[in-house]
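Just below sit the structures, each encoded as structure tokens.
One chain, chain A, links the two complexes that follow: it is found with chain B in the first and with chain C in the second.
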Partner chain A sequence: MPVQDLQGKQVWQRNTGRESISHWIIWLIGVAIFAYCWQKISNSTTWFFVWDAPRIADDIWTRATPPRWEYIAQLGEPIWDTLNIATLGTIFSLILAVPIAFLAAHNTTPSKFFVRPIALLIIVSSRSINSLIWALLLIAIIGPGVFAGVIAIAIRSIGFCAKLLYEAIEEIDQTQVEAITATGASRWQVMAYGIVPQILPAFAGIAVFRWDINIRESTVLGLVGAGGIGLQLSSSLNVLAWPQVSLILLVILIAVIISEWVSAKVRGAII
Partner chain B sequence: MSEIDSFISKPWRKPSFIKRPWLRWTLIIFFLTYLLAAYATIDVNWSRVYEGLERGKKFVLAFTNPDFTTRSSDIYEGMFESIIMTITSSVVGIAISIPIALGAARNIAPLPVYLICRSIIAISRALQEIIVAILLVAIFGFGPLAGFLTLSFATIGFLSKLLAEDIESMDKVQAEAIEASGAKWTQWINYGVQPQVMPRLIGLSIYRLDINFRESAILGLVGAGGIGATLNTAFDRYEYDTAAAILLIIIMIVMALEYMSGVIRARVQ
Partner chain C sequence: MLRLEKLEKTYKTGDQALKSVQLLVPEGQVLALIGPSGAGKSTLIRCINRLVEPTSGKVYLGEVELTSLSSNNLRRERRRMGMIFQEYALVERLSVMENVLSGRLGYVGFWRSFLRRFPQSDVDEAFRLLERVGLAHMADKRADELSGGQRQRVGICRALIQNPALLLVDEPTASLDPKTSRQIMRLICELCKERGLAAIINIHDVALAQMFVQRVIGLRFGAIEFDGPPEGLTPEVLTTIYGEEDWEATIESVDDDSDIMVTK
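Let's look at the complex of A and B:
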């Protein structure tokens, strides 16, 4: 135990002398990096605008309130589109994620050295790129619209769903699988009766959880032209119609809260 | 007994996931009608999709031959800005979220503080990064400052919530032992609470650093700095080889961060 001798009195200390020096050096390096980064940000900022920000914020607030309530009549269809993008995107992604998860899990993959790395690579690349970027790409390829949004959400969700699912597959109870194998079941029967029943609750939970996230993400996909309520948001922003913007933000907030509530309820019922 | 009797002399059938039949069938029918309705309202321009397949193929091929050199200075600047935004916003976000997490843990904070901190977390979690970024760009002007503020704000909601949950589930005995030794409040936090949540805090911080980097890649789309603007331009000009190069860099950095976080988390736990 590190103890310091102070004029004959023994005082307990948390760290040894060497530990405190190394902590001090790590902190110094961290602070130096932060200061350097902050200076870079500061250099590329027009500070005049920042000092002016409270006035601008106040100005935008007065323009945005009260929201233009009658505009809600035009939001029905975009909301339906947003819901479709999220739901259909989730369904497509689940269809693709299930086989990838089985290929990626240690205990079900057909080959550890060839197929598994490929499946993991698909998972990582799908997860590391945001759905807005996928949407940008798909709009360049298949044109703007709801369909591009659905595919973007689907591609983005594959990684998330497959990762959680393959972790669930790796955690299954192997004895049940052995019991089914012992009855002489084929490879597919083992999967259907030994593995699937064990991961079904996790699967349902993942599906609902991702659906909730996808509702959030699909509300902003329209900013790049992939359909949904984001389209209205971006066109209102472009013409500086702040009362409409505030109404749309309110609608998005409500949609997010409702979807979170639904997903929490369903997950509570499953688990 | 009667339940078992009813199974005798019948072939075994796999039990359904949803046990109540009426609930199962209502859900299935509801779901199918929804699918039909959704399918009917989405108009897909199949000829446009077919035309696009050619471009899609070109894009996929671009991944085998990414162009790092032509726009290297733009890519470098954008990436550098993204990384700077990630680091600063993570540091500031974590620094702010620790006191908020302490306030949002019911076993530490009094009720009024708890409610205030929980509502800060709720607001931060309900608003997506990109919407916050739009508002902040309108207020603070274009540039990385808006992105930095957005990511810090988002970090607060994420980290405080998870950290507060960890503090709430901590071992009371250790904290009481420190309290019994006559520690001040700050000492109590420092020696009774902090050592228990430190591994989780480090893990969450690194995970959030990873998320912040991924998010910083899109903030440029709305003018909040970072690589997003470069990427958007590359797509707009159909320069798929440059876009592929940027995406590959993003994937590589995310993979490196994920690997690093795995190593660090294994060490602290």
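Let's look at the complex of A and C:
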């Protein structure tokens, strides 16, 4: 009741008295919790290491520079593997994501109560587990190597691609579909003429976007033994070969920049 | 040619869009369906080719009863009913030619249509139709590059290449300017005459309807309130269809043949 009548005068305040007191109390509780947490964290931190951090970072920097350029000869194949893991993984995931997306979109699903929940479950479960964890599982199942990496990337990407694609399918202009249906077209023809042309730009955008993400994800898969440049990264880290680490990071950076440039070009060409 | 018997549609929301509609359309007759928004015009048209499933009643196209057909037989009958839409409903990212040829989808198999290998006779017919509506030079353009009037012409070609016996036309002029509206209406009516097609044109521009058709059906709350020649649309009749309003200006414009339209 911000408007009050005080001796014939209309007074307006943002909050009533009781509201402002409760706001103050809420703020007080918040600050108290923050102070308590701060103290807890502070007690369990070895502050010596924190104060020491700049010196250590500087130390690593001097050890890592200059990069060991001649090591580049051994990086060609791993980075090529990494690119292949990302590309093949994306292609496999798209092949599987397209039918799942059609089953999940509520305007194309054959059954809202049975098939759609299953498709959505596949999407959610694929998205909820990180590709590094998928790779760990798959290495146990199919052994270490590039193939495990490809499958890990593919499984992780299915959910992402299918989700974005089914949202695109749900947003299509339904009158175009109606028009094709009205000509006497079959169900598959309606899909090929009424739906596919409408989602094609979204599909291409999703594909390059995911490929771009997968290049970054596949660089770390080697850390758990799933092939690619991550393998070199982990072995260099293990022997504290900092000049090699810095060169690997540089190569990854360049690969990511190139992939981003390519995907930007492709997206620009389609839309 | 087309016979509707006690056609009813009740939507899931409980709205009764059509109340026991009886209608007989003879061969080659062009009729206009007028009525206020929400009167059930679009529903009526869509119940005929079952883009909307009617709740009860029967639809006869020639001798065939449509409401009880299996989906395969329905597809075959849909080929005989060309449909033209309000917002053109072209597939925007396909070329004009592909849009026109999509009218033949009911006649060709999936893979032929998917690979765009339509029979040469269909392609010839598509060129003839595009020539007829004055768009032959546009065949390779993408549909979204065309203006509204041009798109509607492509929509007309798509409906006609089906070689239909009946045209279902849903607000063909609602998104067009007055001059283009007249041209499109004239084109539709001419083509119907040339080919002896029956047509149901759902339109909310009363003056335009009066100008071009032989018969007018007035729909209000899903029931037929008026059925007669365009001259029969007196102010009293329009009041029963649309409600109280000054109708003189609307009716006058029938006699006035200039390109400036006076509506409502």
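In this section, the second predicted complex is superposed on the first by the 226 of 271 C-alpha atoms of A that agree within 3 Å, B and C clash if a C-alpha of one lies under 4 Å from a C-alpha of the other, contacts with A are read in each partner's own complex, and residues count from 1 in each chain.
We take it that a contact is a pair of C-beta atoms (placed from the backbone, for glycine too) under 8 Å apart; a residue touches a chain by one contact, two chains touch by 3 or more.
The model shown is predicted, which means the values in this text are computed figures rather than measured ones.
Chemist: Does the superposition put A:Ile25 against chain B (first), chain C (second), both, or neither?
Modeler: neither
Chemist: Who does A:Leu136 touch here: chain B (first), chain C (second), both, or neither?
Modeler: first
Chemist: Name the contact category of A:Leu223: first (chain B only), second (chain C only), both, or neither.
Modeler: After superposition on chain A, A:Leu223 lies in contact with chain B alone.
Chemist: Considering only touches as defined above, state whether A:Phe49 meets chain B (first), chain C (second), both or neither.
Modeler: In the superposition, A:Phe49 contacts chain B only.
Chemist: Quick one: is A:Asn84 in contact with chain B, with chain C, with both, or with neither? Answer first, second, both or neither.
Modeler: first
Chemist: On chain A, which partner's contacts cover more residues, chain B's or chain C's?
Modeler: B
Chemist: So in the superposed three-chain picture, is A:Ile252 touching just chain B, just chain C, both, or none of them (first/second/both/neither)?
Modeler: Touch partner of A:Ile252: chain B, not chain C.
Chemist: Let me test your reading of the model: by the given contact rule, A:Leu200 touches which partner, first (chain B), second (chain C), both or neither?
Modeler: both
Chemist: Could you look at A:Thr181 and tell me whether it touches chain B, chain C, both or neither (first, second, both, neither)?
Modeler: Second partner only, chain C.
Chemist: Mind sorting out which residues of chain A both chain B and chain C touch, each in its own complex?
Modeler: 193, 197, 200
Chemist: What residues of chain A sit close enough to touch chain C in their complex?
Modeler: Residue list for chain A touching chain C: 173, 175-176, 178-186, 188-189, 192-194, 197-198, 200-201.
Chemist: Please output the residues of chain A touching chain B within their complex, sorted ascending.
Modeler: Listed in rising order, the residues of chain A that touch chain B are 30, 33-34, 37-38, 40-41, 44-46, 49-50, 53, 56-57, 60, 80-81, 84, 87-88, 124-125, 127-130, 132-133, 136-137, 140-143, 145-147, 150, 193, 197, 200, 204, 216-217, 219-220, 223-224, 237, 249, 252-253, 256-257.
Chemist: Which residues of chain C touch chain A in the complex?
Modeler: Result: residues 49, 51, 75-79, 81, 83, 85, 87, 89-94, 98, 102-107, 110, 113-114, 155, 158, 162, 168 of chain C touch chain A.
Chemist: Which of the residues in chain B come into contact with chain A in the complex?
Modeler: Residues 14, 17, 34, 38, 41-45, 48-49, 52-53, 55-56, 59, 80-81, 84-85, 87-88, 91, 126-128, 130-131, 134-135, 138-141, 143-145, 148, 214-215, 217-218, 221-222, 225, 228, 231-232, 235-236, 238, 243, 247, 250-251, 254-255, 258 of chain B touch chain A in their complex.
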